[in-house]
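We just call them A, B, C and D in the order they show up, numbering each chain from 1.
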């Protein structure tokens, strides 16, 4: 009883706050471009921060309903424009087809801390959008503006190393999503002289990495993650002779920027910068997981492969899969256990590489594509080499049975590769072309 | 004959270059968000820079015709949305009503130097838009994106002083538009300790002031420009006791940003910063010209004033004007000559102040408004004082018969003042209210 | 046999290297101020770094014998000067009484990295000086020059916080000498908003803290180290209201600068800076150990106290000591055990405080002084409060039976306090004056 | 009468102030290294600044008399040391032979602004030292400490260009001592991309150039100053292909550092830095005046040349001089007039070059040496080429009849050259060796 009363009071208060917030928004939009809006914008940011989850949802619904498009005005303008497509009427169309909430966000952005506040708002929005698909139109406006503001041309690339502020390094530890950083000593090893870490930063969010990539400078393209992380500080190789830069981890830090593509730009800018700094570098590659490989392999049905691949797959892959399943169970449990123990035999390693090669080569342009493969191939990389028994951590076993891939970035070929990929072709090294 | 052949060859070459540029644009737009576009964008920037004026115009027409809206698709989407206004159809409307040239500009912005290149393109566009009004739709897209990117939230305020780089100071000398800076000594005096200069800068255009404002720290609200500029280095007053900050000049530096309002934000940010830095400051005001005063006064016809003002104007202004015209000619030539000589008598000074007060108070919300008055009043300033014989330079005589105005920025009242101005009221000091 | 041969060969090689080094030194000194010496200096630095400990010792002996004073020339110059004390002869005295090794060090300092190399040389010298007291003259020249170059006027004070480079913070962890920092989390707590850390840095040794101090911002003068370190991140108090800044740790980082006093300047500069930054701060104090208290107490013999104190000590302290010894043994083992367990009773606490008070008050100007007490009292601090059971870590029990002291820095009184201390008086708070 | 009274009062006041200052100095020296001295030092700096010239002189005399050496104690210590030259007695000698004013200056240096204050004090001292030679001992202590503190290892080299602060550039204009900078436009030309300017700065005197050098990047070693300064902005040559860096001006900015050699280090550091930055550079040379050439030539008496040169000089120079005097008068007035008009004939040009070559080659190690020649030759440069009619400004005509010299810095030969110069040899290019 009592707690119900309290909750009702609290909810009433939240509703009041939310309505005030909505009034502020409407008032700011009514200002004819006045600079006072920076002041109101500050109030909006503060007010939003006091809302609880339920009130925030209601506010997002307000953005949807009250600050969206007006179908009648849209249709009128479109009709007039179709009748006589002159500049003036085109402008009228654009005016009525941009939802007022876009202007609202632009004005919020004028306040100190505005950009960070908008990113945070979108974080909240993305949390509820799954259950409230009608908010996708609202989210589209957030994403549209953030993509424009977090344009790679506005970001700056910054090296992260042991001279970086501890507050920044702490965020690197927290956000590393591919190969977890266990502690400060582990981080220190990843920032030693023959390793590199670079992040993208926005001028309005100093000290906040948006995305970062970790690179190992090596003699040769690495076959396993053990060649890259772990081990001892003192084993630093002389950087001036490194021939290969291996991108082994790329992590987004800001969920509020989901859908704003930064990774592809980051990899290329880092490759360019390393090429300038270290002329000895001849090859830029990745060492990447295949997160959806095991699931694909367990459920593989040759008949559902793209037609062009079925004949080839029947010749090689189907035998390999049959044998793997026969020896290790349909769920490949025994194989996974062996992989975790580092005890996969040579034959099974060959089989796994064969299957992974076919998976990556034939599915990368279908709906079953591996997301990592899709990212790098669309980005213009070449499928270079499959490495079985390359990562024995439990996540890697669960997802990809320990297999890792090298994608190769040949900076002079990435445009051509990308275009071939867009036309449905996966560019492969000769060795992979051989097995697939 | 020969020169015609050369010209024809040159024109053919330019046409070829322009067509290549257009192909690059189309190709970049066909890329599905790929990071290669940064590379293509670099090519576009380079190619555009090689075009001559005629070819640039043709390129802008290409942006208009080929990368604008498609009336048919717009109408279809609008119709479907009007039938069923769901999120998905709203998104479809937004998709087809954003001209592809906006995405083109966003992608050009990814290249190093992209922002500067887009601003420069718009400079070129604005040069020809007067004679090619159909390009207004193209310009609208430029302006729309630039306003979003040069949002005050993304700019940083920077003090300009004698410690600033000479390369920056040289730009200040060049762009000062209100009271010309004659040489480095003059500049040095304007940057002495009891003067301030602040500019807005964009992170992508370091060292390039977008707009700057000059401020004098004084004991009292200044009555003439001579109290502010000119004079001797050594006369620096102790800053810690200054009571008044007088904004006496504000200049835009970047024609490519026309229509992107920055001045209003600049004044307020500077006022806030000065208030924090120098707690002794009690008043923030301007010392401003009235550029359209003389023209208005020469052609004044009481019957065309806003009705509410006609009675009052007949009582005071019409007499004043009649006397001025009688004594100095319809064009007020003799008055102008006296003003230039600093020899306007007290009576005429009173008459001029009266007329200027009425002009500013009654016309500021009409089509005959003075642009400077409109700017400050809409910005929330109050009309504080009229000063006759305040600027005797020839430009000032020609435009405003030497009269200058103080607009007062009471930081706690600017919101209210702005709202009253929007409703048609000009907020005036008691003394001005007295004469008007 | 074989290893002897190797060792002999190695020793011969070292001797060769050392002789080359000595030749370089002589050659550099023969250069008439030429700028080539920067080049030779680089060679000297490199050569020295290749020497082993034995060869370094031989080199220091070379500095002593060959680059020291010439008694005959010194006596001649002194005699001539005594005969006729004119400027010219004074200059001659100064010329022959400055050992050439000083000029040698000044010239080494011209090379890049010269300052760091000289500091490192002195580190090596100090390692052997105990067994080779004749090198004290050499060391005196090192110390003399380093004191001149590491003059506080040349150092810059820099705040160390969570925004500092990890490489710097790692050094803070390593060099904290009073209350060890266990790991990065412990460090993070010591850098939280209501804590401060400041270091002195030299422009030639960027990123190398020479000495640093840790400060807690509190409501009241702390009674135990537990109020200052340990505990939880989230317990950060609002800094703006802090009334007390407690210096609880000061650590030197550079053994090569032994004897160059920096700590006294550091404390005062930090206090001044905090006073400016946080006007709410009313008191600056320390929370300090008494490292030699237990040893003093165990061997206390009233008859050997300064005479002025014997009467008073007989009245109070002798009883207290007798009781403590009676209850806990002559070595006070049982008392130490109780202290470690945090179980010292009120009576024993009073007895300990009494004894510590007398120790600090009466011995601070004698040969039995506690070094920490001497440092702060000479620095102008006042003996403010004794806190028994204030630090229960084993080192603190071993050295001071868990007792800690607050020294108070009253910035307006430090000069007077210092002068009273120089005259043999220990300035005490009323409460301490009461018990002592 | 009245003015005498005033003057007497003023002098009494100054005497009082000076005596207070002296008391402060004695008090600071009595402090046993205490950190309070930073505070007293601030007082000393302030007090000194209030003294007039007469009182400053009296203060310098106080430094001489009261804070100098004590001949008795010096002799005692020297005697004891001569009896038994152990470390302890050597230290005692050093203690009593360092004048207390050195420690005074070191302590003044602890105050904020201490270094600048000491440099300024020495400026005042140097003004009066000519008439008060007994102050040379005091000055020697100033110079000794400043040389140690302004050791090139503590200075930083900084490029000065059009991005430098105007306040710094203003100082460059003011201090250019060789080829005056007429205004900001002239400065701008000297900072254009194919020119370079570098200065030495001290960390304690930011923004204050101590010395700076101007360099032209050229295709060939310049024959006249007109190839280097003057002319047009737009004529900037592509820097990447420059083969010669010509140092054409080097100016000291700080008279308080007289006798502290910086120029030689500056030239070499700049040459090293340019060599790294621009690998195309093959030769580093100067274009220098011969300030004492005309005076030498007018009074030339072959019999007073170094003996080794007399025979050669009789063969060539004496004829040349005779002819020049015959044609242009003993004072060479007509020749100077022709030079100023740019009308020196080829024969006279040859004669001038011959004489200048002999002057530089034979007198550079004698008491009649040209100071600029001495500087560069001692610095390891080679006498490369004589250029008649190379500078037609009036100062250049007056001093060197328009002749300029190129000294060549071959970075690999400067050590050897310097040593040959020290042994009395002037290293010359083949062409100069031919004429001399």
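Following the convention adopted for this analysis, contacts are C-beta pairs under 8 Å (C-beta built on N, C-alpha and C of every residue); 3 or more make two chains touch, one makes a residue touch a chain.
As the structure is a prediction and not an experimental result, all values here were calculated from the model.
Between the contact lists of chain A and chain C, the overlap is empty. When you average the Cα atoms of each chain and compare centres, the chain farthest from chain B turns out to be C. With centres taken as mean Cα positions, chain D sits 52 Å from chain B. The distance from the centre of chain A to the centre of chain D, with each centre set as the mean of the Cα atoms, comes to 62 Å. Per-chain CA centroids place chain C at a distance of 41 Å from chain D.
Counting only residues that touch two or more partner chains, chain A has none. Across the assembly, chains come into contact as A-B, A-C, B-D, C-D.
Touching chain C in their complex are the following residues of chain A: 162-167, 169-170, 183-184, 188, 207. Those residues of chain B that touch chain A in the shared complex are 31-36, 38-39, 64, 68-69, 71-72, 74-75, 77-79, 81-82, 85-88, 90-91, 93-94, 97-99, 106, 109-112, 114-115, 133-137, 140, 144-145, 147-149, 151-154, 156, 203-204, 261, 264-265, 267-268, 378-380, 414-415, 418, 422.
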